[in-house]
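To keep things clear, I will list the structure first and then write my remarks on it.
The chains carry the letters A, B, C, D, E and F, assigned in the order they are written, with residues numbered from 1 in each.
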Amino acid sequence: MYHLTVRDHIMIAHSFTSPTFGPAQALHGATYVVDVTLHRETLDDDDLVVDIGAASATLSAVLAEFNLSNLDDNPTLAGHNTTTEFMAGEIFRRMKQAIAAGRLGAGAAGLCRMRVQLSESHIAWAGYEAAL
Amino acid sequence: MYHLTVRDHIMIAHSFTSPTFGPAQALHGATYVVDVTLHRETLDDDDLVVDIGAASATLSAVLAEFNLSNLDDNPTLAGHNTTTEFMAGEIFRRMKQAIAAGRLGAGAAGLCRMRVQLSESHIAWAGYEAAL
Amino acid sequence: MYHLTVRDHIMIAHSFTSPTFGPAQALHGATYVVDVTLHRETLDDDDLVVDIGAASATLSAVLAEFNLSNLDDNPTLAGHNTTTEFMAGEIFRRMKQAIAAGRLGAGAAGLCRMRVQLSESHIAWAGYEAAL
Amino acid sequence: MYHLTVRDHIMIAHSFTSPTFGPAQALHGATYVVDVTLHRETLDDDDLVVDIGAASATLSAVLAEFNLSNLDDNPTLAGHNTTTEFMAGEIFRRMKQAIAAGRLGAGAAGLCRMRVQLSESHIAWAGYEAAL
Amino acid sequence: MYHLTVRDHIMIAHSFTSPTFGPAQALHGATYVVDVTLHRETLDDDDLVVDIGAASATLSAVLAEFNLSNLDDNPTLAGHNTTTEFMAGEIFRRMKQAIAAGRLGAGAAGLCRMRVQLSESHIAWAGYEAAL
Amino acid sequence: MYHLTVRDHIMIAHSFTSPTFGPAQALHGATYVVDVTLHRETLDDDDLVVDIGAASATLSAVLAEFNLSNLDDNPTLAGHNTTTEFMAGEIFRRMKQAIAAGRLGAGAAGLCRMRVQLSESHIAWAGYEAAL
């Protein structure tokens, strides 16, 4: 199995709504360094998992919905705590839609698995991984 | 599959008892940067894999047995070379016991897999991973 | 010249108030990984720049004012854009006061210089450095 | 499952031959930081996945074929674009041959899986992973 | 003294022409992760060292001359070994010209010092630093 | 001012002898990732600060005195707590002697400054820097 990872980041504000979160219930924020890993059994005719430029541009476009915003104001996230792991799932679902829509090119049909990881600090990160 | 990782570290002394280890048979030491990754198919009601504060506190408590000690003096490790990979397995087993004892909360019943990685330098790391 | 660095982090929300900031004028947030470096010409009687435990605890106490908060609501920062570089200066000033108040012990009188660096992502960081 | 990783690097020149690569069709180069991860269900009698010295030396020997060279001139790579993911596969195959030839010692018969990852920058990496 | 750093990277081919370089006399290549640090005694009216977007864009424009090329073919570098430290100096000089030309805005007149660092691998980096 | 850094590491055991160190008075250990930075006003005829191969080999030779040992048994360190900052100074002094002895070549006469940094974990590092 081959894999390719591209990295980008977002800077967001948010708050949490459960006593579990203690002081993190207050409005605060985070930088999420976002790593998206794409898996493929065999390489394409150009010896690629997928065009890295297309992968980076698509990730940047997906992240634009969240970057420099307050996640509490995003209606598509309503009713959820926008934890690092939850946001990894949301970014996974949006990347999956973008791939299905052909944003990574026809060759992306060969992709079989994707992993999204968000690092929130030097001591904590979370992610979501599933088949495509 | 969702995953969450917390990082901590220990500083230990030890020696090895086999010619395989060459000069590392002498008493020396290591900093192990310890990453524990917890896996779960779905998030809990708070959109969490597990409470990150509880995960960090439990890891710190598990590591306290080893931190700032000479592993050669720990009777529970007797008869083994305390290699990086072996210690990853030991920390895995102690974390698994702590989870079973409810130290990460009731929600931790949803955890299905754990990975423990110990980085011993900028050029070498090892770990142990298994189902929970 | 000897130096010692300790690392911690904060997660904050904020907004900016100048067209220079473009889309970052909206409420968003950041993780700042904070490195404080203390300089000293000679080591103390224990062969230390300063007690690392005291340095870490003092940094954590200084950061508590900002961690998990919205910097826009902090009256001591009013009238300023809480940029990465500005916040480095603010943390420098608070650490300097803590040192002057004896929080790092009597030996800290030997400290001659301090550097505070805040990393906001994997591609940008800023800081403030001055004599003590 | 236990795992052990060793890190090394190579510095190579190459060019690509497809319009997909845009300006990267020109002769350029890369540093690849190479991580090889070896997996094993149980540890050997010395509590090791494999002797780390042997693993590092074998990786260095495998990389010597490519280090400080122009990959365009390597006949074993002819007809391929030497992308990061393709080179990960090539290094995997050479490491697998070296293991089969006994270069990691008799104990390496217990290895069941290997992962090779090449980091080309702070924002992109790729790899190949398969059973042994 | 305040400072701000932005990071980018280039991927280049080159060769060296002196027996000092041993096997590195052959055509090979490198990824250089490039960090540019700008120093300023006081912040501007927006609480900035300089606009980070302008700094990043200017660095990217300066690096475009070298990225995805063979440095042996660049006439402005002729007669030199394009070592990591030499290239840091070249990038410093080009960034200095861009600043003098107003590319970082009028506020950049307050900049007093710049440091350029190029990391060629996980075990080696070099740079050039001087007053502006 | 140009600078060049090479990285290596050592794994040591030691204990401390002062109540200041609390539980670290017990025998424990550390991995020190060691970065040596050499400064020079102008480059040599090969466009180098110094031959990087010679710098790496010299650092490795200096570190061999300490690597895989118990620092408590080293008579040249007797009477001192072998803290991270103290060891940085010791490595500085040994590297300075090696340079004076010509181990980095005749060109090293141009070196004017050196910085030694030891990272003991992902959250703490220390060093010593002085003119040569």
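In this text, contacts are C-beta pairs under 8 Å (C-beta built on N, C-alpha and C of every residue); 3 or more make two chains touch, one makes a residue touch a chain.
Being a predicted model, the structure only gives us computed values, none of them experimental.
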item	value
Path length in the contact graph (subunit B to subunit F, fewest steps)	1
Fraction-based call for subunit D against subunit A, same above half, different below	different
Distance-maximising chain from subunit C - centres being C-alpha averages	D
Superposition of subunit E upon subunit F: rotation angle, C-alpha, nearest 5 degrees	120
Gap in Å, rounded to a whole number, between the CA centres of subunit B and subunit A	27
Chain centre separation (subunit A, subunit E; CA means) in Å	31
Residues within subunit C bordering two or more other chains	7, 122-123
Subunit E residues within the subunit D interface of the complex	7, 9, 11-14, 23-24, 26-31, 33, 67-70, 120-123
In the complex with subunit A, residue positions of subunit D that touch it	16, 18, 20-22, 80-86, 88-89, 122-130
Complex contacts: residues of subunit B adjacent to subunit A	1-8, 43, 45-49, 51-53, 56
